[in-house]
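Let me give you the structure first, and then I'll get to my questions.
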Amino acid sequence: MKSLGSIRRSFEPWNDPDAKPYIRFDGVTKKFGDFVAVDDLTLHIYHREFFALLGGSGCGKSTLLRMLAGFESTSEGSITLDGENMAGIPPYRRPVNMMFQSYALFPHMSVEKNIAFGLKQDGMARSEIDDRVQSMLKLVKLEQFGKRKPHQLSGGQRQRVALARSIAKRPKVLLLDEPLGALDKKLREETQFELMDLQQDLGLTFVVVTHDQEEAMTMADRIAVMNYGRIIQIATPAEIYEAPNSRFVADFIGDVNIFDGTVVSADPTGTELDIGGGIALRSDNQTNVKAGGKASLVIRPEKIRVSREKPADTANAMSGEMWDIAYLGDMTVYHIKLESGQIVKASSLNAVRIVADPFTYDDRMWVSFDTDGGVILGEE
Amino acid sequence: MNSNWSRFNIASVILGFAFLYLPIAILVIYSFNESRLVTVWAGFSTKWYGELFRNQGLMDAAWVTARVGLVSATFATILGTTAALALTRYTRFHGRILFSGMVYAPLVMPEVITGLSLLLLFVSIDFGRGFWTVTLAHITFSMCFVAVVVQSRLVSFDRSLEEAAQDLGASPVTTFFQITLPVILPAVISGWMLAFTLSLDDLVIASFTSGPGATTLPMKIYSQVRLGVTPEINAVCTLLIAAVTIGVIITSVLNKSREVRRRRDEQAAYAGR
Amino acid sequence: MRRFASAVVSRLVIIVPYLWLFVFFLVPFGIVVKISLSAPAMSMPPYTPAFDLANGIGGLIDAVRQLSFDNYVWLTEDALYINAYVSSLTIAFISTLFTLLIGFPLAYGMARAPDSVRPTLLMLVILPFWTSFLIRVYAWIGILKPEGLLNQMLIWLGVIDTPLIILNTNTAVYIGIVYSYLPFMVLPIYSALEKMDYTLIEAAQDLGCPPITAFWKITFPLAIPGIIAGCLLVFIPAVGEFVIPDLLGGSKTLMIGKTLWSEFFNNRDWPVSSAVAVLLLLILVVPIMFFQQAQAKAQESGR
């Protein structure tokens, strides 16, 4: 069975026509004065889904999260959670909890008191609170730290206290605002997997806001890429990466080469694109472009091969000279300048330690790729 | 800014502090002078302090001042803190400009104007002058100082702490008393102390708004000072200076040791991750 | 219901201090203006009301017609008052200048002090601010009077033969104002300089700027907001100062705060002292608004 990307998912309620969305944003708009932070946005998130809102700063992702938490009201449209309209419900009455970017740990309370805070607000019995706090501490592996104050903890420990505090009330949905932003790279990678395991174990719905594409790709079942208050694409990480629906998404996620040209032919078997200089590129990908129109072929660097000789049996090959080489350890990135002047990025995995005939600057090179390597995007 | 503490810098700091502290030091020294002539040193004595405690008028005035200070500082702290909250939390309401004007203006308003205008208010509503008029006047001007102190703390307050509390189910009122107030408490306390000292110091406004039986210590000192310098007044002043100095030093030492402990904890936490 | 309650609470946060300041700060000014427009009387309170609302609209119109600007005319006709205003402004201005001249090097020296001593220096500047104003002024009487310590020392040093007369002159007032208000000048300048990044000076020197030029082109301009705040904090209250001219100044020292005080307490002429206050406020309204703007800006940007 063929699939986009190297992962097969068994959990995909968004493809099930009978599944009911758990969280619904319907036509939601949020204005701050004249500034439109969220623009007529509709988004459905399913029960037990790990959903990521991805975008640059100011794209409206945090506003969306804060509307769900109840810190911002909607200017238009409605937000529904588990069938209940959230309009007019203040944050302290909503069955969602949030993990804040700054963690927002109460500095004057111990770790235990921080975790117990939300439970106390619900008027839970003392003994029950104590039990819950202990089990939460155990869950985040901080049993010995219960009596400490937040400033006596390291960054990673604080992050776990914030997490424990926000799941202690067993919310219907956990909102995470840049949950790993303050951690260093190593810790961040570890914590990503911990969060995924936790979400599986608790069976909660997670909505995470992040500007870090790697974080979103690693953790999320689906990603919504946002820009200027709108959703540009909602799809699984593999779809977002391998089949971006727009230049924005292609450019935002990972590295990409874009060849602009005119459509020579477009039919169910594929598309042919004239990019000038007598070069025509072919792709199996067939979108709603028409012959004679403008379109682009978008292809990731690792789908491009580099060689000294022109490959014999390839549909797409172009010659150029080696312009820059970046050796990154696990892989090497080549920049090859085509005759047209365009620079093509190609990356190759360093699968062997000892290379017989390595490339160097100014070498005459060929770049080539298969017809299923890239996607065709029409004019936007 | 740091490094390069030049000779010029050191000299200006030393001279500046000499200017600030010499007069006070002289006053303190001469409060222990045996002689009544305050400019001639005639040996060490503490007799003026004994004299002081037998001066019923001064003791009464001190008691009035203490009561006015405690009551006015407490109310000024409550009002000033709410004013600071209003200024930082509500950026848009009717008359906000007027409101912030009324908060900041008393900081520089000449005391004679504040004193006169409050007196005329009390007279025109026929409010008997005495303890309460002085107290009301002191609340009014010192609440503005409290507001400024608390406001500068609130500006750097991390609002997500309050959002986190509400997110966890605390109502706004609960959030204020369980989260906001404990976090800004140091600023509120120093606001209270500032209000208390302002009330303790004030002569002009108290002179305008006070009535019979509510003579404050500064008023008493002033009326005696006009008659000339006496070692007795030096002794009162020394006691007041000592009280304030001890208070300020204790709080700053406490703050400092708390800061040091906090920094040590933080370092330990990061080292032992 | 709970939402309603919390909405009421959030309203109260604004309304209570607003109302308090309105009643005890703004309304009194209205009363001062009103009384400044009424005629003096030998009674208690010693003025005839300018208008009485009990008489209704007709009475109000009647009263407005009777409003007298006599007190203001009186102020402009008597050279004493005009001189007092002018001399208050002059004394405040000169004192502010001297405070700046002493305060700036002090603040600059503090800001460049090593990190370890800076908090102590800061506390030492704040400490006199906590001690009574009256006491600090009083301390100078013993020093400045003819047989006081300053003269004793100067004679002992052989600088002078006969005691200098400093107490009860304008010089003593300058000394008193500079001394009392010095912390107000130092603190804002210090906080402006302390925030400054020293690498800016290094960058300027790296680009070929000698230290003195670097000071005037980099350090000084960055300290200007602090200097302005400090000057306003000294100048505005100094114009209306009462205690210092009263205790240190002489009979020839004219300052408006003193004039107001004696009109009020000695002559018991409330309408005239109100008029004096109104004019003083009019003179100070521009610097006060200037100060408020700077204050609001500083507070909102989060110092």
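Every chain is named by a letter (A, B and C) in the order it is written, and numbering of its residues begins at 1.
Everything below uses one rule, namely that contacts are C-beta pairs under 8 Å (C-beta built on N, C-alpha and C of every residue); 3 or more make two chains touch, one makes a residue touch a chain.
Listed by chain with UniProt protein names: A = Spermidine/putrescine import ATP-binding protein PotA; B = ABC-type spermidine/putrescine transport system permease subunit II; C = ABC-type spermidine/putrescine transport system permease subunit I.
Everything quoted here is computed from the prediction, not taken from an experiment.
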**Request:** Go ahead and name the chain pair joined by the largest number of contacting C-beta pairs.
**Result:** B-C
**Request:** Grab the C-alpha centre of each chain and report whichever is closest to the global C-alpha centre.
**Result:** B
**Asked** Counting in whole Å, what is the centre-to-centre distance of chain A and chain B, each centre being its mean C-alpha position?
**Response** 54
**Request:** Indicate the whole-number Å distance between the mean C-alpha point of chain A and the mean C-alpha point of chain C.
**Result:** 59
**Fill in**
Whole-Å distance, C-alpha centre of chain B to that of chain C, is 17
**Prompt:** Can you list the chain A residues in contact with two or more other chains?
**Reply:** 90
**Item:** Contacts with two or more other chains, residues of chain B listed in rising order
**Value:** 171-172
**Request:** Could you pull out which chain C residues touch chain B in their complex?
**Result:** 2, 5-6, 9-10, 12-14, 16-18, 20-29, 31-32, 35, 45, 102-103, 105-106, 108-115, 119, 121, 123-128, 130-136, 138-143, 145, 147-149, 152, 179, 182-183, 186, 193-198, 232-233, 236-237, 239-243, 247, 257, 260-261, 264-265, 270, 273-274, 277, 280-281, 284, 288-289, 291-292, 295-296, 299-300, 302-303
**Fill in**
Residue set of chain B touching chain A in the complex reads 158, 160-161, 163-172, 174, 178-179, 182-183, 262, 265-266, 268-270, 272-273
**Request:** Quick one: which bits of chain A touch chain B in the complex? Just the residue numbers, please.
**Result:** 69-71, 90-94, 96-98, 100-102, 104, 106-108, 117-118, 121-122, 149, 151-157, 165-166, 169
**Request:** Using the touch rule from the top, collect the residues of chain B that touch chain C in their complex.
**Result:** 1-6, 8-13, 15-17, 19-21, 23-24, 26-27, 30, 38-39, 79-80, 82-83, 85-87, 89-90, 93, 95, 98-114, 116-118, 120-121, 123-124, 136-137, 139-140, 143-144, 147-148, 151-152, 155-156, 171-173, 197, 200-201, 203-204, 207-208, 218, 221-222, 225-226, 229, 233, 237, 240-241, 244-245, 247-248, 252, 256
